[in-house]
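Going in written order, the chains are labelled A, B, C, D and E, and every chain counts its residues from 1.
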Amino acid sequence: MDIATIVGILLGFMVITTAIVAGGGWQIFIHLPSMAITIGGMLCATLIHFSLPQFLGIFLVVKKTIVAKIPSQSELIQKMVNYAAINRRDGALALEQEIPKISDLFFARGLQMLVDGQNSEAIRELMSLEIQNLQERHSTGKKILEFMGSAAPAFGMIGTLIGLIQMLRNLDSPEAIGGGMAVALITTFYGALSANLIFLPLAGKLGIYSKAETTAKEMIVEGICSIASGENPTIVREKLQAFVSQNRREEVKANI
Amino acid sequence: MDIATIVGILLGFMVITTAIVAGGGWQIFIHLPSMAITIGGMLCATLIHFSLPQFLGIFLVVKKTIVAKIPSQSELIQKMVNYAAINRRDGALALEQEIPKISDLFFARGLQMLVDGQNSEAIRELMSLEIQNLQERHSTGKKILEFMGSAAPAFGMIGTLIGLIQMLRNLDSPEAIGGGMAVALITTFYGALSANLIFLPLAGKLGIYSKAETTAKEMIVEGICSIASGENPTIVREKLQAFVSQNRREEVKANI
Amino acid sequence: MDIATIVGILLGFMVITTAIVAGGGWQIFIHLPSMAITIGGMLCATLIHFSLPQFLGIFLVVKKTIVAKIPSQSELIQKMVNYAAINRRDGALALEQEIPKISDLFFARGLQMLVDGQNSEAIRELMSLEIQNLQERHSTGKKILEFMGSAAPAFGMIGTLIGLIQMLRNLDSPEAIGGGMAVALITTFYGALSANLIFLPLAGKLGIYSKAETTAKEMIVEGICSIASGENPTIVREKLQAFVSQNRREEVKANI
Amino acid sequence: MDIATIVGILLGFMVITTAIVAGGGWQIFIHLPSMAITIGGMLCATLIHFSLPQFLGIFLVVKKTIVAKIPSQSELIQKMVNYAAINRRDGALALEQEIPKISDLFFARGLQMLVDGQNSEAIRELMSLEIQNLQERHSTGKKILEFMGSAAPAFGMIGTLIGLIQMLRNLDSPEAIGGGMAVALITTFYGALSANLIFLPLAGKLGIYSKAETTAKEMIVEGICSIASGENPTIVREKLQAFVSQNRREEVKANI
Amino acid sequence: MDIATIVGILLGFMVITTAIVAGGGWQIFIHLPSMAITIGGMLCATLIHFSLPQFLGIFLVVKKTIVAKIPSQSELIQKMVNYAAINRRDGALALEQEIPKISDLFFARGLQMLVDGQNSEAIRELMSLEIQNLQERHSTGKKILEFMGSAAPAFGMIGTLIGLIQMLRNLDSPEAIGGGMAVALITTFYGALSANLIFLPLAGKLGIYSKAETTAKEMIVEGICSIASGENPTIVREKLQAFVSQNRREEVKANI
């Protein structure tokens, strides 16, 4: 997932940069005051819209979207089937030594509850609440990015209006017309580029990522609850395969 | 919450003001007739759209959004657990002396009903109705701000049209072109700035604030009803922690 | 309710008129052919969209919105409590002499059914159907006004296009440029002004008015059915107060 | 219903034509290549979006909207009450001679099923399925018209872009500027006019027509099923009056 | 279905090409750097928004939309009725020799399950899950095309901004104005054309195709389950005809 995001952003900037450099005079496109109006104004509006913790949290969520790894569904099913077999053979306590091997904290906490002998209802309730919290965090992150994607072009247009009005004031000195128009259009350019290449696509990716991570966590809950109910490995595998789309099911079967 | 709103608005105006002053000729950006068209027209449209009490009430709601304090969730749980302990030890009447210490009127009224011996069903029904009324007031406030955020750019554009038509009338006197265009664009500037830096972000903040205050009030209802049913402090604490998101639960536990 | 609508429209036109007169050359803003394109085109599109009875009915609904009086909630509760007392003391027939004193036809018809000895179920069913019809009429009115609010700017733009094309035809006679541009922009001005100061805010007010009138009529139904079931005045009052928002309940109590 | 549609379209074109002729040079507004770009492009996009049968069917649906007659609700109730009386007096077979007098095929088929002795459940199921099919056809027609209403301005803008680019190529021959700009703006004019005077209002009318025809057909189903269950004419009339809005009920009563 | 799509796209490009060639100077409309900005930028944004497998899968889905054949409903009913007759006469095993004759893999797999003796519940559950997966793939494809349809004009506008800024830089060399404006407007032209002639109509066609294919697959599931329950050919035919719209039912009947 991360590769598509990074490649998309880098390629996108390469395409735009090439077009700018090829046309000559790239220096005019780097204009710090214009960037301050567009990005600064957009960040202020975002700060007013959201609470401070939400505003500060978005950067972590975005970073996580790029670096996080969705666990492979076939690996997950494989692990769960193994745990179900251990549970049936040696009892739940034998699973304790598996916990340190799991890197996903959510998975590890669920297995710990299983080892502690909690029943499947209690495990499901607590873990479902955590999934709900996760979805809400992701949904807030999506809303912030979407708001940024609508605020950036708006402040780009505000910057353009400021530049136009300043230019019109000096209409009798024609040599200043070019400069004024440049400030004007560069803020609109910054707003349109940041919204369409960064904020709106990232908001979309967050939605897709949220769905994939939610499905993975729901598979973990289903698997651990199934093991906690003492079901045999075959039933655990069948239950988890219901989450896998038909065209990927063959490769999952091949791996098991 | 208030800090983000105030900082956002102040910083936003600083960014815009700096851009205007740096470009020279800031005086042209302060134009009272343009402000009258944009803000006056927008307020008139808002007055037509909403009823007079709704129109007058919005300023109180906005002010409350900026100055109000969402009670800390851990403090709330702490207090409720204490009251549950007092109730179990000394009976509901012993809670009467706690009421004057509570600054939140909603909380105080709930506790008074508990002291008066009303059963948990009656308390829940009355307090839920108040929460519903609160949500509706907030939702109306949000709608008014959103309408303002769409009406301000519209009247900015109407002002721009007036200015352009007046300028075109005098097309043979070229020295007047600059002035006419200035009025024209300044109303659009006022409309875009007020909508994107004030009305739309404040409408968003009202939604987030409404959700936080509703959750706090629902915790109060849950807690008081739990005490009224004679439940012990441990169960009261567990019930209220269900409202706290997972990643904040540790700090809440630490405080209790 | 009417006052806000009327004041809003008058003030709005005053603001716009002042801006036009202050800029000089107000005569150019009164241009009957432009008005014919914008308002005429918009009315034709509305006629195509809706049926003839709906189209003709909208003016009555708008007029009613401005002149109608929402009955005061505290007066309504007061009256219902009185009727409940009369019903308990002297029987339903004693209410017959109260009917001519009621100006609201809906209320009078409900009371007549009560006097005729119909049971509360039959009264509720028939009156609820009438409330539903009322809501549908209001909702159609709202849709027509919203369509007008989107069609007026569209025909304003069409008029502007006609003016621009006619001006471009005579590009070699520069003295005609100003006149052509004037027609062009004045239709856009008419479209934007009528949509944002009249049609869209009135559509909003219709929604708010519809909600208030529906609530009042639901209170009447609830009250009459409560009386028809022979409930005592205290219960009738409590049932109706559930419709009143918390912060207005004190004044209602004070009046009873 | 048809009258409003036809009058609206004719009056709309009269208003626009008058404005064009009054401004002089109407010949420039009739430009076949521009029409080919706007209408041709829009039709091609519609062909890509929808399937061939849907695309070809829309013209029939539009034609039907203009020429079709919604049966009068009071006539319908009158007929049903008569049939109910005949059914009670002479049995269902006596209704057979009424079928050829009915022009509405849907009504005739329903009555035939009644004469054939099918029970009310079977009649309701089959006729409801036909109503559902009718609604889906109308809904597809509405979607096609709405898509045309959004595609026409888009291809108008594409035509304008082509004209502008061609004009800019010859910027050194100023006498060609007027002609290029004319093509440019005339496609936008065609797109805006066809969308706002034809496609979007017709889509709206289709929705209103669909609702009226559905209600009429539901009244037929209700009436025939009521007769099939052997209910007496009074009950049939009461059941059908529930479909009539309160303010029209008096005239219906007067006619029966 | 494929014919409408292909004819629409070809005719659309013919209309646009004719308009361009007729106006002279068609060479200016083929500009590779502008195409790189518009299409390249749009593809990068799509890559950021969606995951890599989703991005790569869209081309297969689009291709399938154009070349795929929706099985004829009357043929499908005919086949099912035959299979039902074979099943009743010779038992489910006799159907095994029919499987290789079926080109639709989904249909063949369903029949195989029937031959394997699985009960109708198990067949319905598994095949419904596959239909759900199919719908989700189609829905993702629709979302990607819709995003492309909104991103292409956005990057067209970004390209226009770059061209305008570069032109304004050289405002003192008037001979370069035409060239700069050409780049500017050609990216907008590419964005508007690709969105309105390709991406948005194809997204719509995908929705219509998805509905038709889903209905066909639901008919297959219904038919196989009906056969698996041992129902006779007449009932199988009646059940499947419920999927066929009324006005097509006659031709289906004629064929059986």
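Note that a residue touches a chain if its C-beta (ideal position, glycine included) is under 8 Å from a C-beta of that chain, and two chains touch if they have at least 3 such contacts.
It should be emphasised that the depicted structure is a prediction, and the values quoted were computed from it without experimental measurement.
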Check your understanding: Among the remaining chains, which ones contact both subunit C and subunit D?
Key -> none
Point to revise | Same or different residue numbers at the subunit D/subunit E copy interface, by half rule | key: different
Study note, to complete from the structure: Distance in whole angstrom between the CA centres of subunit A and subunit D is 45
Study note, to complete from the structure: Whole-angstrom distance, CA centroid of subunit B to CA centroid of subunit C, is 28
Check your understanding: If you look at subunit B, which of its residues touch at least two other chains?
Key -> none
Revision key, fill the gap. In the complex, subunit C touches subunit B at residues 1, 3-5, 7-9, 11-12, 15-16, 18-20, 22-25, 28-29, 177-178, 181-182, 185-186, 188-189, 192-193, 195-198, 200-202, 204-205, 208, 212, 242, 245-247
Exercise for review: In the complex, go through subunit E and note every residue touching subunit A.
Suggested key: 33, 36-37, 40-41, 44-52, 54-55, 129-130, 133, 136-137, 147, 151, 154-155, 157-159, 161-166, 168-172, 183
